[in-house]
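Both complexes shown next keep chain A, but they swap its partner, so chain B is in the first and chain C is in the second.
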Partner chain A sequence: MSIKFPFADPRVYSLDDDLRSNIDQGMWSSTLSADEQDLLIKKLGDRGWGRMLLFTKYYTTGWGEGNKQISPRGQAVMLRFLEHVTFREGANPSIFLTDEGELELAWSDAEGSPIQLVFGPNGVEVYHEAAHREEVLAPNQYSRLATEFSNV
Partner chain B sequence: MSEVEVGEDEGLVRAVCTDKYDKDIGTIAPSLMMGPDTSVSRTKLIQLSDHWDLFRRCVQKPEKERLLEVIATIDLPKLRKIAADHDAVTNSKHDIKVVVAPNDCWKPRDGHAEIKGRISRGLANKLIKELVYHKEDKSKWAYDGDKLVANS
Partner chain C sequence: MFENFPVKIVNPLPLQIDPCPIVQAIFEIRFTTNTPWAQLPGKIAGLLGDRYVGQELPLFELPDQFKQHIPGSVYLPQYQFHSEQFVVNLGPQMIGLGVQAMNYPGWSMVHAELSTFLNKVVKDGFMGEGARLGVRYSDFFELNIFDHIDLDILLNGKTLNDKDRQFTTVFQEGPMTIRLVLINGAIMENSHGPRRGSVLDIDVAFGPLDFNLNSDVLERFTQAHDTIKNIFFGLVSADLLESLKPKYS
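After this line comes the complex of A and B, so read on.
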């Protein structure tokens, strides 16, 4: 005997019709799962989630003036970082895409000093002005970074 | 063919699009000025007001998702001075070299140039606060590190 679970369809986010019509279907599909999109909404808000959708769905190779598509490895490391980090209240981080296809996460610490973490294929670039810190860490350091920058 | 540097007193223009500008809260990405080989335009050959059409035609790709939001300007002597001041404080070395980079989309082709190489994130954080930002209604704005603020 089979049992039907009382669940509706799995969570699926969909784009507005006017956005969907702009996708070149043969080029790219979102690599963000529903869980990952949940994480983005939780940690970066609707604004950050929406920007990530733009970058993953539409910014194909050659965007702008011949720039690189988002780095899948950089994206994976940033998502792991987001799983572990707790942003301080009011941090309101912004997400950007660099010309090299890296994801640039930017916010200010409680004193207003800029913090930027850049997730690329080869590592995480760390910048914290107040701490005079500018260095590149290995991708597997995401957990340590999340601890260091939680509630900062 | 040898590289031709732009004139020492020239004004430079940089397009600021969706990927480097979080419009909802007004944050600018430092990677706007980090390169490698940052694409700029020359006011010596193309009037500032003509850059709206030029950038929409040449850099707004994908057309509906990477939007030209504001235009940033800086003159070369100021760019060199900010870099020199930064280097003196941080014991670093930036050799600011801006070369003509002919581009068929630019009219004239030589109106396009590049700031060669990479600029450190520390310097880029300073530069984005020294650029003058122009909106299409001809208003001028400055970046205070958090958001664009109207120039009085």
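After this line comes the complex of A and C, so read on.
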């Protein structure tokens, strides 16, 4: 959380009288935990992982021309989706941050038809051209979604 | 009680210990917002009322261009409000109620203040999405904590004879991510002057899908507090607990 002691160097605990210097960068992950980053590396590769780090660290409110930062709920749902999904070999999904702060995963199915999943605060927008599918699912449908899009 | 952290179950839990080792307790919410940072301190000052007096923290004065290059700086406190017993830390995307250092007034008073604070602040609606809800308690003891807890660190089956030790573990219990930190090389200044001792620090956090800003923030804070209390009393050894003169009624 947001207080300095006891982690800042020098490695000796100290407590400011008035808690003014409550800065500690090192111990509390403000963006993605090690588990989450490992998941991103495994599912989206080095590039996807790197892009997510950029999105979470530097794309703050108002990035670009007044765009929104990442939706925490959208991010959490996407990570849960990634835990459950097995991407088709060679799918190489790309990840984007939309102007509205949603996270978009995009790849092509085995026939080259586009798939887009957009993870926002209130649901997941699903688009699969070949299946003529375009709908919005509730956030808690991530497991079902992962099953449906595994190896596609 | 804990699936991934097999501390002993203590039942009943003490209602009070003396001397109280708590040096810090913070209840924090991270959030997204459309309210510009420049407007937030004034807005919160209005919500908190006259009991709290505001002041800028050092980070507040740094230029935004500099702060943008500090990852996570939006979650760091840049402005602070004080009352006699509590502090409210405020950053561009975080707000937290804390207890004045080494002045823990007991859970019933903290709970009451927390309830008042949430009624004023959360209901205002300036928070968009909740990103993280966390509670952190830090305790200080004038002893080597590793000699007084039910947790051993062994090397080839033998106890380490080290000079200075820091131990951190993170585990998941249901929706809660729990971080325990133990440090035996700590220096803290209290009413008796600077003292060498140990820190026992527990942080419990809920992710964005596991709390709702509109309905269950106080319940989640209470759940996190109760979890911390269970871990604390499950960890400390019988001799340390005895020295804290626990009261059960």
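Just so we're on the same page, the second predicted complex is superposed on the first by the 122 of 152 C-alpha atoms of A that agree within 3 Å, B and C clash if a C-alpha of one lies under 4 Å from a C-alpha of the other, contacts with A are read in each partner's own complex, and residues count from 1 in each chain.
Operating definition for what follows: a contact is a pair of C-beta atoms (placed from the backbone, for glycine too) under 8 Å apart; a residue touches a chain by one contact, two chains touch by 3 or more.
Bear in mind the structure is a predicted one, so any value in this text is a computation, not a measurement.
By the touch criterion defined above, A:106 reaches chain B but does not reach chain C.
Shared-chain residue A:69: touches chain C; no touch with chain B. Of the two partners chain B and chain C, more residues of chain A are touched by C. After overlaying the two complexes on the shared chain, residue contacts for A:60 are found with chain B and with chain C alike. When the two structures are aligned on the shared chain, A:51 is found in touch with chain B, with no touch to chain C.
In the overlay built on the shared chain, the residue A:127 is in contact with chain B alone; chain C does not reach it. The residues of chain A shared by its contacts with chain B and with chain C are 22, 58, 60. The touching residues of chain A, when paired with chain C in their complex, are 1-3, 5-7, 11-23, 25, 27-28, 30-31, 33, 57-58, 60-61, 68-69, 71-73, 75-77, 80, 101, 121, 139.
Of all the residues in chain A, the ones that touch chain B in their complex are 22, 47, 51, 54-55, 58-60, 62-65, 92, 94-100, 102, 104, 106, 108, 112, 114, 116, 118, 125, 127, 129, 134.
Remark: chain B residues 17-20, 22, 24-25, 27, 29-31, 34-36, 39, 58-59, 61-62, 64-66, 120-122, 125, 145-146 touch chain A in the complex. The part of chain C that touches chain A in the complex is made up of residues 23-24, 26, 28, 30, 32-34, 57-59, 68, 70-72, 74-77, 80, 82, 87, 89, 91-94, 96, 98, 101-102, 129-132, 134, 136, 138, 140, 164, 166, 168, 170, 177, 179, 181, 183, 185-189, 199, 201, 203, 205, 207-209.
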